[in-house]
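Each of the two complexes below includes subunit A, the first together with subunit B, the second together with subunit C.
Now for the complex of A and B:
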């Protein structure tokens, strides 16, 4: 039981980190509120399913196409919706959240409900660690989380575009004086964030079914991880994922499984009461100094 | 000599308020021009209009139904009309603005700030110019890994000018570079600007309310008051002008 909790808690932590990664890149790092994140996640799941089952394409191609399509959708959402309300934080949140609701409920309206909506595992089978069995798909979740975290860190610290994401979020006008185009960069960050959501979807969704409700859970979990860890901090995301991940697994194993969802809500509440900028939120640190 | 930048009858309105009224000026290659004036004289508006920031502000204000910004007149840079050009394209042509009040990225460290400034440059080139910036301001070298928000005002201003240099300007616009700095730091920055001019082909415009350190180094200066040109002349002429003396030197 203890070894199982340790291993599955770790898997759950990686899963949360994976889900939060795209949200953190768009909202936390480059400051574009994308509350249709959960909808994009579900959208890419259904897109991959349709490519696989209705068009009969090979699975690898379906995955690539789903990621590409989601990135395009993200860029499109920026240009059609967010651009018009840019700079008005509350309107950005409301517009994208509303759009997310519309996308998800449209899937429900067109009857995308049921157990047939599943994605295949990347590799079938499982491996035993001690007396705990863990399937290869969950190992894929761990590997994907590690790979994407590394990618995000390198991307935001060492590439031109990644540095521009962070620059624009800190001071848009100054960024303009160095030749950055704020609309171009924000659209790119929506595209990247959506592609990350899609990547998380094709790795995580084979563990269950693709359900519209999943979109709400993903947004809630991503938000919880980002708030607890501190917006924009990659280290914070990892620490928060581990904290919430283990808290959820321990709750599920030793208390009641259906209390699991409460853990993220309680975590958000506690952090907002004690340290509103999150465990690794650095904005606060600077403000206090100045 | 053909002027590198010429401004003709420039007028800028924020709603119905006139921020810059019928302003005309020009500057030649390699010159240092001073724009001197008190707060709210229109210095920052002029700098924002020359760098194109005002074009971006106008788009964003219009999008969210905010303030109506209107620009009349003509700005010519190297024979090209740039009045309606976006800031990005102006930076590509070498017009780089260093905004007022230490425009740095507080949550990134010093080295990252300099690399961000090289957004339009090639990777190998950035390395070289960043080193040049460190040569000009050696005080920044050992602060390389510190978050820029933790630097002192003077250090932030050095960094800000260093960042503007990384963008490789041909026309460098400095908006109140001396604001909020100690007299010693002001002198250090003025010396650095002198070094810059002597070492490369660079045209500089300095908007400043501290006339004392600036007037001795400029070739030509314009004195702005309430958005209007009050006086213009060479640095020497302005320094000897009795009105300037009483207003800016307290003599």
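Now for the complex of A and C:
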């Protein structure tokens, strides 16, 4: 049981990191808390399912197309919705949350409900670690989390666009004086964030079914990880994912699965009371100290 | 235009409209059937489809003879969403109220999805004297209320299986597993909803304790959960030989896929809603071999020994171009419209009290077997389709559903999947 808790806790931590990465990237750069993130995640899952089952395309192509489509949707959301309310935090939250609700309820309206909406595993089979079996799909979750973390690090440190992302995130006005278009970069960050949500979806969704209401859980988990770790901090995301991931698994294994969602909410409440910027966040550190 | 021409034109116009006026004035008022279910769940969606199937058949044959006047049925459905997590009971009650007060529903057909809401709605239908026939909610609490205060709650009937009858089918299957394979250790995994919790409780008190089984653990999951690894690990650690799942949410099918991937050496035998229909084999990547699943009412699966169940199953497939996938609700949904038609015709009225009296006398051979209500307004389920309505247990084998229990309708014996061994 202990070994199982360790292994499945680690898988859950990687899963949470995957879910939160896109949300964090968008917020860290454009400063926009994209509350339609859960809807984009679900949109990606359904898009891959439609390409696979209705168009009959090869799965690898379906995955690439779903990621591409989600990235395009993210850019569109920025230009059509977010750009108009940028800087008005409450309006941003309401606009993106409303849009997310609309996207998810549209899927429900068009009858995307039921257990048939599942994505195939990327790799079939399972392997034993001690006396605990773990399927390859969960190993794929771990590998995807590691690969995407590495990709984000390299991208934001060694590419022109990535450096521009960081410049805008650090000081938008100074970046503007260097000729960087903050709107263009913010739209790109929405695209990247949405692509990351899609990448998480195609890796995580084969472990369950694509359900409209799953979007709310994804948003809540992404928010919990980002708030605990510190919005905009990649290291914070990783640490918070491990903390919440293990806390959830221990709760499910030694208490009841009922309390799993409470873990995220309690974590949010505690961090907001003690250190509102999160463990590694610097957003309002000065105000907090004062 | 001359005055003469205008008069002729007006006369012609009036004559053209006359047949329309005549038909409007003389067409019989439809009898409105309100269907307030959860269309986001397979059972709700297919249940409504079956209500429509029966209504279309009845209307095509002329409608319902109400004291000499042929009146058609008209279905008004609301997606009350009561089965979804977080939707309060009050919303479902509102849906019932709308159907009765605004849409003029004379009968509530299929009823609320969850028992929590169905039981609350019993007071409402009693207030307006509207007969309500339930097709998904399973808690025996409904019968208790009918029995305790008959005059108030006599308007509610249940056509589908209830938790107590489900216990009998599941208990019989456990007895079979014990007798044939020597299994006596079980791990229960259930959903946190009234009927599933009650079924789990009753399985412990009415079956496992009496049969001397050891319940090595129980884990209850919230609706919407899709990671069952913790329960499966506990089942394995506890040495369970049988895992008894009790779930009706779409995500629950993943449990068997995880069971397969984690190689838990226990037989899955219980009820997982997504495992009931023929599409499950492909949906779950052929990873459900050997799983045993309850079909709450026959007709939802064609049973060769009950020809009417095959006839109904095929009729549905012909009408909608796809087979029934839900193991619970479609057959009762279809049958309850006919029960209502018969009761209205015998009562020669749509008056609630008169129809209730006739519903109580129901005796019909249908897709589920022989349908009769008990004094508590629950259709009686048993093991002989000529005497009672029936449910059954199927086992997934090489992509096919084989009926394995009860013996009266079985088409094969339970076989252990690869990797599992009998202990006697």
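Throughout what follows, the second predicted complex is superposed on the first by the 280 of 290 C-alpha atoms of A that agree within 3 Å, B and C clash if a C-alpha of one lies under 4 Å from a C-alpha of the other, contacts with A are read in each partner's own complex, and residues count from 1 in each chain.
By definition in this document, contacts are C-beta pairs under 8 Å (C-beta built on N, C-alpha and C of every residue); 3 or more make two chains touch, one makes a residue touch a chain.
Keep in mind that this is a model prediction, so the values were computed, not measured.
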| item | value |
| --- | --- |
| Fit or clash - subunit C, subunit B, common subunit A | fit |
| Partner chain(s) touched by A:249 [first = subunit B, second = subunit C, both, neither] | second |
| First, second, both or neither for A:133, with subunit B first and subunit C second | second |
| First (subunit B), second (subunit C), both or neither touched by A:170 | first |
| Subunit B versus subunit C as contact partner of A:79, first or second or both or neither | neither |
| Angular separation of subunit B and subunit C about subunit A, which is computed from CA centres of the superposed model and rounded to the nearest 10 ° | 150 |
| Smallest separation of CA atoms, subunit C relative to subunit B, angstrom | 36 |
| Subunit A residues contacted in one complex by subunit B, in the other by subunit C | none |
| Interface residues, subunit B side, partner subunit A - complex | 51, 53, 56, 60, 63-64, 86-88, 91-92, 96-99, 103-108, 112, 115-120, 123, 147, 149-150, 163-164, 167 |
| Subunit C partner contacts - residues on subunit A that touch it in the complex | 1, 4, 8, 12, 108, 113-116, 118, 120-121, 124-126, 128, 132-135, 137, 207-209, 211-214, 217, 249, 252-253, 256-258, 260-261 |
| Residue ranges of subunit A in contact with subunit B within the complex | 83-88, 157, 160, 163-164, 166-167, 170-171, 173-182, 282-283, 286, 289-290 |
| Residues of subunit C that touch subunit A when the two form their complex | 39-42, 45, 84-85, 192, 219-222, 224-227, 229-231, 233-234, 237, 250-254, 258, 261-263, 273-274, 279-280, 283-285, 325 |
